[in-house]
Structure formats: C-alpha cells, structure tokens
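The following pair of complexes shares a single chain, subunit A, combined with subunit B in the former and subunit C in the latter.
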Partner chain A sequence: MAVAASAPTRALGIVGGVLVWCGTTIRIMARNKAGFIGFIIVAVMTIEAFIAPIFINFNTAADVNAIYQGPSLHHLLGTDSEGRDVFTQILVGGQDILEVGYLASAFGTFLAILLGILSAYAGGWLDTFLTWVADVFLTLPTFAIYAVIAGTVHLNSNVALAILIAVFSWAGLMRAIRSQVLSLRERDFIEAARALDLSLPHIIFKELAPNMAPYIAIHFVIGITAAMYAEVGLLLLGIVPLSGQNWGVMLNFAWTRGAIFYSGSLSYILSPMAVIVIFQLALIVWTRSLSEVFDPRLRRGA
Partner chain B sequence: MSDQHHAIEFQHVSRTFGHGKNRIYAVQDVSFTISPGRVLCLVGESGCGKSTTGKMVAGLLKPSGGRILYGGRDVATLSDAETKYFRRTVQIIHQDPYASLNPVRSVRQTLSAPLLRHKMVKNRLELNNRLHDLLMQVSLTPPSDFLEKYPHQLSGGQRQRVAIARALTVQPEFIVADEAVSSVDVSLRASLLNILLDLQHRLGVTFLMITHDLAVAKYFGWNGQIGVMYLGRMVELADTVKVLGDPVHPYTRALISSLPEADPDKTRTKERLELRSPDIPSLLRVPPGCSFHPRCPLYEEGLCDVQVPPLDVYSSDGHKAACWVMARELQQPRARDRIGEQGVEERAI
Partner chain C sequence: MAVLEQGQVVPEPQVGFLVIAKRVVRNYWLLRILRALFTVWLVATLTFFLIRLMPGNPVEVYVQNLVTQQGVPYPQALQLAASLYNINLDEPLWQQYFSYMGAMVHGDMGTSIIQQGVPVMQIVLTFLPWTLFSVGLGLIISFLLGMLLGIFAAYRRESVFDHFVTNFSSLLHAIPNYIIAILILVYAGVQWHIIDITAMRGTLSPGVQPSLSLGFVKDALYHAALPIATYVITTIGGWILAMRASTESTLGEDYVTVAKARGLRERRIALAYVGRNAALPLFTQLTLSLAFAVGGSILIETIFVYQGLGLTLQNSINQRDYPVMQGILVIITAVVVFANLIADVLYGFIDPRVRVQGKE
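Take a look at the complex of A and B:
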C-alpha cells in the first residue's frame, strides 16, 4: 500500500469510490422493480428538463393559422392558443417546476434537520421555543399565505420562490426529527460512542442521522411533490409572475384563454397535467426503493 | 495507553434522579476501591443501582454527591483532555447487544470509527490488520466473514462479541461489563466469560462485572471481590470466596440460599432463608433505617428501622457488611465481657 499517494491518484480513488457507491446504490434500488421504474422515470425526466432548454430553441412567434389544433404528426400534442407546438413546451417547460420543487424540498429538509437536531440537543428554553415556533407553522394555512406573500412580494426568481415554500414546510419534519433524536440519543450504541470519545459531529452524522435517513429521504421526495403542487397552484392562479415557459404557465394560459371551449385543445390542457402527475407518481413510487438504500435491514439478499 | 494502570475509587458516591417529590436515590453513599487488574462483581436485584454505579465508573453519568477518584485524582477536577483520556480508558459493554450496536453500521464501520478517531492506526493496511486482530480476539473467525456484516445479520452472541471488540479498539485499562452475558444463551455465556477472563489475565484489564447472577460472579470474580447492592446501597463487600462461603448480611445469605446447586440432592436439602416479604420496596419510598428491614428475617424493632447501618469492617480480613444485628452479635460477647469485668472491679472496690 502506497503510504503517500499522489494527488491525481487520490482524486482517481475518490472518483472510483463515488462510482462504486453509485453502482451499489443503483443495484440495491434495482431489487424493487416498481421503485426502480420510478427512479428511472424521475432521472430521465429530470435530466431531460434541465438539458432540453439548452438544445431546443422554443419559437415564441404566434401562428394564427394553427390555433388549437389536435395532435398530429407535425404537432405531436397539438397547438396552443397562439398556434405554438405543445410538445416543445412540455419538453422545455419542466425546468422551472423541477428546480423549484427540488430546491424548496432541499431547503425545507435541511432546515428541518438542522432545527430538529438543534432543538433535541440544546434542550431547555431553546427547545421549548423552537417547538413552539414549529407548532405555529404547522397550524398556518400554508397555501393562503403563499398567495398573500407571492402577491405582495415580486418573486421573479426560482430560488426566491423555493425559499418561500421551504420556510413554510419544515415544521412537520422538524418535529419528527426532534423526537427521533431524543429517542435515539438514549440508545446504548450512542452511549458506547460517547464512551469511545467519538466526536459530536460523528455521533450526529454517522450514528444518529443514518438511522433517520430512510425517513428523511422519503420526506424529501414527498416534499418535492408538495413544493411542485404549491408552485403550479400559484402559477395557475397567476399570483407569481408568469415569466418564461413552464407547465404551470401553460395551465394558466389554458385556463385564462378559454382552451376548454375548443374540442381540439384537449391535448393542450391535459399535457401539462399529465407530465406533472407522471413525475409525481414516479417520485412516490421511487420512495419504495429509497428505504432499502438507507436501511440495511430491509435489503433482501446479500 | 499509559504503562501504569490506575485504581478507581468511589468515596461516598450518591446519584439521584428526578426532583422534589419524585427524587429517587439510585445510588447512595457507596464507597469501594478497584485496584488495577482486579475484578469487582456488583450483584443485586434489578433497580438496586448496579447499572447506575457502572455508568458513573465509565464516566457516562456524573455523581450527585461524593467523589470518584481515578489514580488518586477526583475525576470532577480533571481537565477536558484528561477527562477524555479517562473516558477512553474505561469502556462499557452493555447488556443488550441488540441495542448497543448501531443497526445501520457494519462491523467494519463500527470498529474502524474509534481506531481512526484516536489515530491508533496509520494507514489502511494497519487498519485492516487491527480489525482482523480484534475479531480474532473475540473468536469471530474468520474475520473476513464478519467485517461487512450488519448487526441484524449476526446472532446475539456474535453481536455481543462485536460489542466486546469495539470496547477493545481503544485498548482500555478498565471494562465495565453491565450484565454483559445475561442476554445470551447459557451455552454461550461461558465462552463469553472466558473471552473476558482471558483479557483480564493477558492484558491486565480491570473489570467491574455487573450481574444479577451470583453464578456469573462466582465464575468470573473468583479471585476478586463481590459487592452486594440493595436499594442503592452497598450492603456487603468482601472477597468473592468470603461472600459466597461465609456471607454476613442476611440479604446476601438469602441470595446465596436461592442459588441452585449442580447437585439436585444438595439443592433439595439446602437450607433456605425465608424472607418476610418477597417484594422489593419502591425507590420512591425507601424504608427508614436499614432499607432491607421489611424483608429481613433477623429484623428487630427499634434497632433496624431507626438508623441506616454503616458498611463496617466486620472481620480482620476486611469483610465489610452493613447490618445492625450482625454487628451486635459480633460485638456483644466482648461487650458483655467488658461489663462483667467492670462489675468485678466495682465489687472489688
């Protein structure tokens, strides 16, 4: 064994390690067929949504001769109120929605983990205060507040919208994590870790957190669906600026421009709904494999 | 690890839990010394404060009163670095191997963490060698079969061996075995005890063996001492041979008389000490005076239920016990003699 490995060798080693980890993870996920299909759909749709806008230049010019056409070879999913191709809009319209979904859930989950562990470990007045704040957030009518805030503040970036959604969606997970940490930290294996003088970060991130990982991961995935619904809802109501092209804006236009009165526009109305539902369903099904990835006890076979 | 091992001494140590009305004394006024390389077995019924004592020895709980000395120094006054060192030199093996191993960490992860944290290995090769060594020491062979296993893939006995190996990673000088063999099959118990005994002989590890099973104490602590605890107090403390062969405290005698012998005829004819009550009083309502008096066959009103008997030296070999009646029976002949002598002198005058 080389004691002093050179930097490139070490970098190669790290890359190799990550690849092996990915391979193992995918192999574990593949054991649950439904979950793996969910994962494939989520992965393909996500990659597509972020890559498509780079390659596809969506032509925003209206074509008055092609308004509300049904599906055809030329327009796979028909056309919209301005005669533009719906299929292209579906392809490029996922980025905003997914970005906000992923970011909002990531922020919210991070906030919940941070505050949950802090609350459980600090105890005393800080714990009481944080729990109280969480209780208040849990009782707030979230969507109404999104609507009010989005209506008063000009939310023109995805990150801002994601933060807004995250701020109102951490409380449930935070309460769950707090109580799990309170229970886990009394376990014998944590006491053994303390006796071995393992560091507090080690105890929190290597001993406690992995025990909560399945729960956190599933909550993260479900958080994505909730954030997407919130965003699409705000876009449909037209409360946040309708900038660019995305599935939510499509639904808003379909609704406000009377697409429901034309028989040929059925595919226009249904297409954004369908992709949203397919993506959400894939996410939920994916969670079945996720629990196996994070909990070795659930893994079947060797 | 330093070359010199240190004694651990308890001086009138108490530990309470709860506040106000609900305050209980889990451990009260307990004193003992464990010399380096020796074995002390703590025995007693559940709730008598054995485990609390063990956790205080391991530095996982702070005493509410009294002092714990490590190598002659009060552990409460140690610096942060010294406290860490002290904590590392004293390791604990828990009762339940299903709870003491992290279910999401493999054997390799569990054992590597302390080795890496305390820089006890220099590189991967050394780490692997050390992991193999550790598993060999606890008879998990071949080690490569066990390193990548998760706790749920191991049997109870194998888990307990992993827990022992984990305690050995930091080369402790002191091990608190908290009912470490109680939860495994009787057939495996002896082999686990032998592994621990081997550590004691080979590495000179000091042991605090906590058990409710006198047979375990007899087997493991034959050359050491036994401390008998009852409702948070130490009621008898002496060499194992003395406690088992010539018990003084009525509670110890009751415990020993309930021990089955290997010979059924012996067990059948064995003299049984009948307790006045089979129930252990609640720690919330500890009886006044000697806390054993409501159950004690030697109970005498006015003597036992007034003051707590001190753990006094009972005989010249250092046999300590806390019992008013036994102390009086020991001293009375002499006391009577003295009165007699005085009487003679008075008459002579």
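Take a look at the complex of A and C:
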C-alpha cells in the first residue's frame, strides 16, 4: 500500500520538478527579447509541424481549374501546378524536414561529445588519430558526398538520411569539446573532484558537462540549420526519393515543373522558401538566449 | 662511436623507421601533405566500396541489364562492365581495389557509361576549370569585401552603418544558398526582367572560344555572374561578422594603444596593425568555407544551369553514371584539400609565428 501510494506522488514530484525547471528556463530566456521570440517561433513551428499531419488530411486530388492561383480567402497561399492548396502543404510539409533536422543534429552532437571526451581522456596515439580524422572530415566537401551516397544507396527513411548527415557533421564540435575538456581538466574544481576520488562518470557528467552545455546546446541548434540545408538541398535536386509532401519536395516541384520560370506562381515558390528561412532565422536568433540559460555568468549582464 | 673517459659507450642515435616516424610527426608540412593525401584516399576508397559492396551494386546491375535487356552473353557483359569501371571482376575484391587505386594514381578513372568510351578524366578536366573559376572568384570577392565591411563596422561601432551591416549579415548568413539562387532567378529574371536568365546559362555563349581576349573574359564573366553573385551574397555575411568580432578584440590590444600613443596615422594603424592581425583567424575559416562552397556548387550550378563540375555531378547522379560520379567526387575532394594546403602555406606567410613553429 505504502509503495503504491508513493509511486504517483513521486511521479507528481518529477513532473513538478520538470515544470519548475521549464518555467525557470523560459523565464531566463525571456530576458533576451530577440532570443525569446526565436524560441517561440521554433517551438510553435515544431509543434505545428508534428501535430498538423494528424489533423489535416492533405487532398492530393488535382483541380485543373485552379492551377497557380494567387492568394485568396479560399486558398490563403494560392495553389500549385495541380491546383492544390499551398497553405495546407506548408502546414503538413514541415514534419519530414524538422524530423531529419533534429535527428541529424542530435546524432551528430552525440557522436561529437562521445569522440571529443574519448579523445581528450585517452590522450596518446588515439587522441592524435581522432583529431587527425576530425581535421580530415572538416575539409570534406560534404554536400557532394551526401549527393553521391544518396544517389547510390537508396535512403528511404528519415532516420537513414539523418544518420548519413550526422556521420559527416561531428568534426567541428568534437574538436571544440576535446579542447574544452583538456582545458577544464586543469581547472581547480576538477582537480578537487579528482582529489575527492569522485568517479570518472561523475566528473564527466556532473563537473565537465555543465561547463560545456552552452557550447553543446548552441552547436545542436546550429546543427539543425546545417542538417536542414543538406536535406532540403538533396530534396531540391531530387536525389533523395521524393515521397510524401514536404517543403523540400515543393521546392523540387517548383524547379522541375517550371514554376520558377512562370511569373504567375510566385506564392507557390515563395511559401516553402519563406518557412524554411523563417525557421532557420528563428533557430539562429534563439541561440542568443540559449547561452544565457546555460551560463549564469551572462545572466546578470543582460 | 664516441667513447667517454669512463669507457662508457654513448648510445647511438636511433635509426630507421622510428626516427623517420618521429620526424614526420614533428614536421608540420609533411604531416599536412600526408593528411591531404589521406583525405583523397579516404574518399576514393569510400566510393569504391560504396559502388562495389552495396547490395544491388551498380556493377551487378549493369551486368544484369546487359544480359537481360540486350542479350549480351554473360562473360562478354562482365568484360564490358570491367572495362567501364576499370575493374577486373574475376579478381578478389582486395586486388580489384588495388588495381582501381593504382589506375587512379595514374589518372585513369575508367570511362563514362552514358557517354560511352569517353574517359572520366576527360569529362572532369573539361568542366573543372569553370567551377574553379566561379567558386574561386566568388570566394575571393566575398572574403575581401567582407573583411573590408567588417573593419568598417567595427570602427563605426553602434552606428547606423554597423547595425545595418550586422543585422543584414546575420540574415544572409541564415539563408541557404540555393534559396538565394532561386530568389535571384525568380525576381531578377522572371518578375522584374532585369536579366536574361536563359542567355546566361552555360559557361560560354555559342561560338565563343577560350582565348586570351577581352571578349572571352567578358563572356565568361557574364555567364558566371549569377553563380558568383550567389557565392558572394551567401558567404559575405559570415566574413563580415567574423571580421567585425575579430577587429573588435584586436582594437583592445596593447600594441594598438601603443601605436596610437606613438602618433601613427589612423589609416596605417587600421591596415598594418589592426587589419592584418584581425584577418588571421579568418584564414582558418577560409578552409571550411571553401569545402562548403565547392560541395554546394552542385546546387548552385544546377539551378543556374552553369556547366561546371557541380552540374555534371548532378547529371551523372540522375543518369546513374557511376564512374563519372566517382571520378568527380574524388577530384572535388582533391581540389578542396589542395586548396586548403595552399591556404595553409599563405597563412604561414601572413603569420610568422606559424613558420617558426613549423621549423622548431
């Protein structure tokens, strides 16, 4: 009985803790106006992109009488080459793009943290080797490599595409983390932790990680923009299988079906580009307030 | 053998592999060249195994197609495939790999599937100069102009000019280059009719031959103008922001204060003291920018139908012309890697500290 009663209480406690943490985080972020607006846009667009496909059923039937219409009350953003509503496509079409963006950046960041800490702690030849490999990866013309790999191997899932992007995008953050770990290790508080005989996982996660968090968080957000760039680029070229509806596929159709060269289809071309740019800008602006969340020293100055 | 008074033998200096290895590791330039070669090797190996080991790999598909569609007998089909891909299919995989790499070292990368019989190397050499020209010129213009605007913004901190330039730079920095390219087409070409986008396609107008005449240079620039403009617009924001930040931190240095105290002219301080030092960190970023621009040229050249290596790569991917894909990717990587090497050498000239460290 006692155990059964305490379980929900504990769950409530955890939920409460998370809520409080979220509240504090949002309050800190709100201090930087521009950054907070960026955060709101990112949050709203993300939630929208993942919820919209559940509720909105995109009508794929062509309507020959309504090709490339301008914006109207009936079609807020006009229609496409088959007379289908552009606004619905914009609402529904974010899911794939954002999914790959978030996943690729998460995988890449994880790889970077793992290899960075490993490299710094192992030292010796492994360290030399890993930094060497990172330098090599930094100089690769990644987009051309994505294009060739995607053109040879059929990437039919978002996860596969995200992994491909992640494999070639860890090097920059890995080097930053490695040098941060190397310099932090010499600091007094880490020496103290070591003198207290605290375990390595404790030192890494409780002492080192919080100090690197701002860097990692900002890199994660910038990583989303880079992954989106690559993904939409591949979709635009038509190298990744064009399945379903998303902003990249819309761009590809605008290109292959000649909407770019037709003066009457402006709203169709501009819509996917506008949402992509707005989302990317919002992410970048958001990073400004992110650094304040993780770095208490910055807060007082703001 | 030197003998000391006590009769002890001084250990001979180590010879052989270890010493060479140590010297290699200590020699900065040797290490850099090794890394450059390693990068090209990595990409070449990656593409080889991508094409040979993947399930349903292109070689097998090609052989199957020949047998089933054109009724070519199997051994003959194998031979055809072997000559196309530069691979002897009877050999074990590792031997195939070594002969592939051996041929590549000699500049032989097989022949195209679509344009039958045309060596990949010939295709690459036809289109490479145009990509080098457009990407290179775009990056140089962007780098120089960006540095100039960055210094100005840092000197006129908090002015209207500064706010405008920094905000505009952040905006440009956030927009993917293909979106800028499409916007140029849509607005300058289709909506406002400022430029004739169909006439600007390709690398040269019909009838114009490469020569050292003004007409040729003008025509080449005319056709490359849109890709170059796109490279400049999309990369300049990053340079401005980096140069502004770098200049700001340089302005606080003691040697700048000393230079001011000595009564040196403001322009001399800005160029020789501030500018030169502030530009240093930017050179390392040039490396990343180059790889990004060359990799992205496939998008820009496709959008503007500029016949460089990028567009050729895109076409070969669409036509599943694997030998060409392979060759272009390896060459693009080699170009980026060796351009980086040159950038590093230049960096050594600008920053004497690197040279000294290299000699050590």
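One rule holds for everything that comes next: the second predicted complex is superposed on the first by the 294 of 302 C-alpha atoms of A that agree within 3 Å, B and C clash if a C-alpha of one lies under 4 Å from a C-alpha of the other, contacts with A are read in each partner's own complex, and residues count from 1 in each chain.
In the analysis below, contacts are C-beta pairs under 8 Å (C-beta built on N, C-alpha and C of every residue); 3 or more make two chains touch, one makes a residue touch a chain.
Please read these numbers as outputs of a predicted model, since none were measured by experiment.
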Which superposed partner A:21 touches (first subunit B, second subunit C, both, neither): neither
Touched partner set for A:129, first subunit B, second subunit C, both or neither: neither
Partner chain in contact with A:50 - subunit B first, subunit C second, else both or neither: neither
Superposed model, subunit A: greater residue contact from subunit B or subunit C: C
Common ground on subunit A, meaning residues reached by subunit C in one complex and by subunit B in the other: none
Residue ranges of subunit A touching subunit B (in the complex, touch as defined): 1, 3, 187-189, 191-199, 202, 206-207, 210-211, 213, 294-297
Residues on subunit B engaged by subunit A in the complex (per definition of touch): 55, 58-60, 84, 87-88, 90-92, 94, 96, 99-106, 109, 113-114, 117-118, 122-125, 150, 152, 163, 166-167, 169-170
Complex contact set, residues of subunit A against subunit C: 128, 132, 135-136, 138-145, 147-149, 151-153, 172, 225, 228-229, 232-233, 236-239, 251, 254-255, 260-263, 266, 269-270, 273, 276-277, 280-281, 284
In the complex, subunit C residues that touch subunit A: 25, 35, 38-39, 42-43, 46-47, 50-51, 54, 58, 170-171, 173-176, 178-179, 182-183, 185-186, 189-191, 197, 287-288, 291-292, 294-296, 298-299, 302-303, 310, 313-314, 317-318, 320, 322, 325-326, 328-329, 332-333, 336-337, 340
